[in-house]
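Naming follows writing order (A, B and C), and every chain is counted from residue 1.
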């Protein structure tokens, strides 16, 4: 446990040294927030002030919470593990006495904590000043929101790990990463709330783990979903953590076996 | 320079001096050949890129399925803007997308190997790191642009047809200049790569969206500072004969070429200044 | 050719260079190949001082007042320890860096403002950085580079044929660069720098990490190419044997200044830096009778291994070996060259008199 804590802390510190990159990230995040908010607010304006349960303030809140989660969830995917697999460095990682997925998860938590604080919160504050945001008065919503964010980061981590682990079998998995990122951006509700989807697309989205990564934590945090209704959504997140966790462990085992067969 | 050791008898063929055009063709050609050789990953990359563009459009499609118009435009009209914007950005990204990674060139010292060659660095970066998978975006953008123009009721005249052809090229030039500025900026801000994304990828986002959705200050910024609305939205107003919102009357649809010239002038100045800083202040 | 102008007088009288120099490809064929005068280069470093949160600006002088003239056709070894200012000097010569002060002229040009013109006339190998295209067959890199240098197909093919033969590239010309061994790749790098028949070849650590066979092959071809075309060679290295095989003149830099500049012949002898011979004997033996000029440095492995220090000026290796061979059977031997750092130390130990 101590080893994992140290990895997480080291990852947090490592990211906190990239000050210029953080400033650049906050700036870009804010600009994109404004672009996204413009589009959503224009749509709500045309719809007469309310669209599928979102009014202007809720839509703005939705956008800024999404921008805050973008960096910690790593919406654009990671490629580090895939590269280590391709270059064979993963053999070294596997020799360490600490579980590989555990190591990566600890690093992810440390990194995400920093990214949430340094890159996520400032654009949200700017958004709160310019467009306004609505956060619920109920402390229970905050607590559930925090749990949902934590679970969302975990689900996103596991799904991303599986995409990376595919590198055991694919010569080049950049194409897969691109496709995954595109689908995830849409179905997670990062671009627009999934309740705006037509029924068939909503049904597809609900059958995937993607809404658990963005839509659920935003709904829980913003209080758009009442605490009692948020609980089943959090239950869905837990189910996905179990399912994807099991699947990624199996994938890693199979991958290691295929490495051994090929002789590394 | 086309001289070899004099001890060697000259051969009868190919003594023509090498033209710039032929040099440029060789640079791009070799790069294209090398990528086509990795066929499987090339195809999956290409599909990934194409899907990415399609999924991004779904965002606008879902909104329009709910509200009918966005920024005063119907779905086919929005599709023209989106297709044109994607096509323009796709061309620029294909030719100059790699310049975004200039800071990694600087950090690894690769920039120095480019500096000791007798070819402009921009041409080297453009040709030698050309990523053919980016053609995916161009293909989807082009397809959407042409089809949506047909559905949205484009009536071709000599002038509108000319604009329909010029607009994606002028837009590509604008994005090319923005990408070059984004790269040049990294001579000063080595870790500031993401700053530039706000203007390049952010510009692409704005360009492929109806400009009327943006509040006035943002519309002004993305017209006069970053001329993103002039890439696709403004020309679409002319092509489909639609009235423009405040700051973007229909005639601004013709401003793509002047904007491209202006942004390139600035980009060239910034690039030169960047190289001067690099040689002066060290790596 | 071993002559060099007094570095204190930059742009001194032009001396006709080696008679074996044919018409070089450079447009201006008169004047020195390289002229550096009072060259200086500072870097500004922002670093955190210990215990302080603020980053302090600190000026580091990488090159401090270097004056040096290299005539056309000369072969100069520019040696020094890591951080002595070698790479910075090369960057100023190739137009990558502007000097903080002082003058630099290469083939009559000012490197920074005329960088691209100069690039046509010089060939540069950065030992640690590849010029080749990683995922392309080696041959394609030459096709691209030849296009950049506007070589006609005929010129390119003829030159490549010569390079492939001289550097022994034929076996792997069609392999992607990423599959080449370090030695193969480095030969490929040198060919890339020589493809356009440059008048001045600048090699920055060209043999780093290479095995003896690759090193020797590379050096042999560089000598051949120089004899054929009368190229000027400017070589930085911290391997003294590179200099000994390739250069007539040696310039030692230390802390950004020139510590020694003179003909290579007798460089070591004049300094008196001893070399070291290590012999392993078939039978242990505690004492070896050594000829004058040699002395035992250490006896190891209970008399099997003997380290012998000797003066190169007074005693040759064969003479020393035959003296040892008369007393014991030698099973293995190796020769350790004095490190550059030791030579520099010696230069300073001998006082300013030896420093030109």
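To be clear about the criterion, a contact is a pair of C-beta atoms (placed from the backbone, for glycine too) under 8 Å apart; a residue touches a chain by one contact, two chains touch by 3 or more.
Heads up on the chains, UniProt names are A = ABC-2 family transporter protein; C = ATP-binding cassette domain-containing protein.
Here the structure is a predicted model, which is why all the values come from computation and not from measurement.
Measuring from the average of all protein CA coordinates, the nearest chain centre is that of B. Put simply, the chain farthest from subunit C by mean CA position is A. Subunit A and subunit C, compared by their mean Cα positions, are separated by 53 Å.
Rounded to whole angstrom units, the spacing between the C-alpha centres of subunit B and subunit C is 44.
Between subunit A and subunit B the centroid-to-centroid distance comes to 29 Å (mean Cα coordinates, whole Å).
Residue ranges of subunit B in contact with subunit A, taken from their complex: 38, 40-41, 43-49, 51-52, 54-56, 58-60, 62-63, 65-71, 133, 189-195, 197-198, 202, 205-206, 209, 212-215, 218. Of all the residues in subunit B, the ones that touch subunit C in their complex are 1-8, 10-11, 13-18, 22-23, 26-27, 30, 33-34, 108-110, 112-113, 115-120, 128, 279-283.
Of all the residues in subunit C, the ones that touch subunit B in their complex are 22-23, 25, 41, 43-44, 91, 94-98, 112, 115-117, 119-122, 124, 126, 128-131, 133, 135-136, 140, 143-145, 147-155, 157-159, 162, 196-197, 228-229.
Those residues of subunit A lying in contact with subunit B across their complex are 18, 20-21, 23-25, 27-28, 31-32, 34-35, 38-43, 46-47, 51-52, 171-172, 174-179, 181-183, 185-186, 191-192, 196-198, 201.
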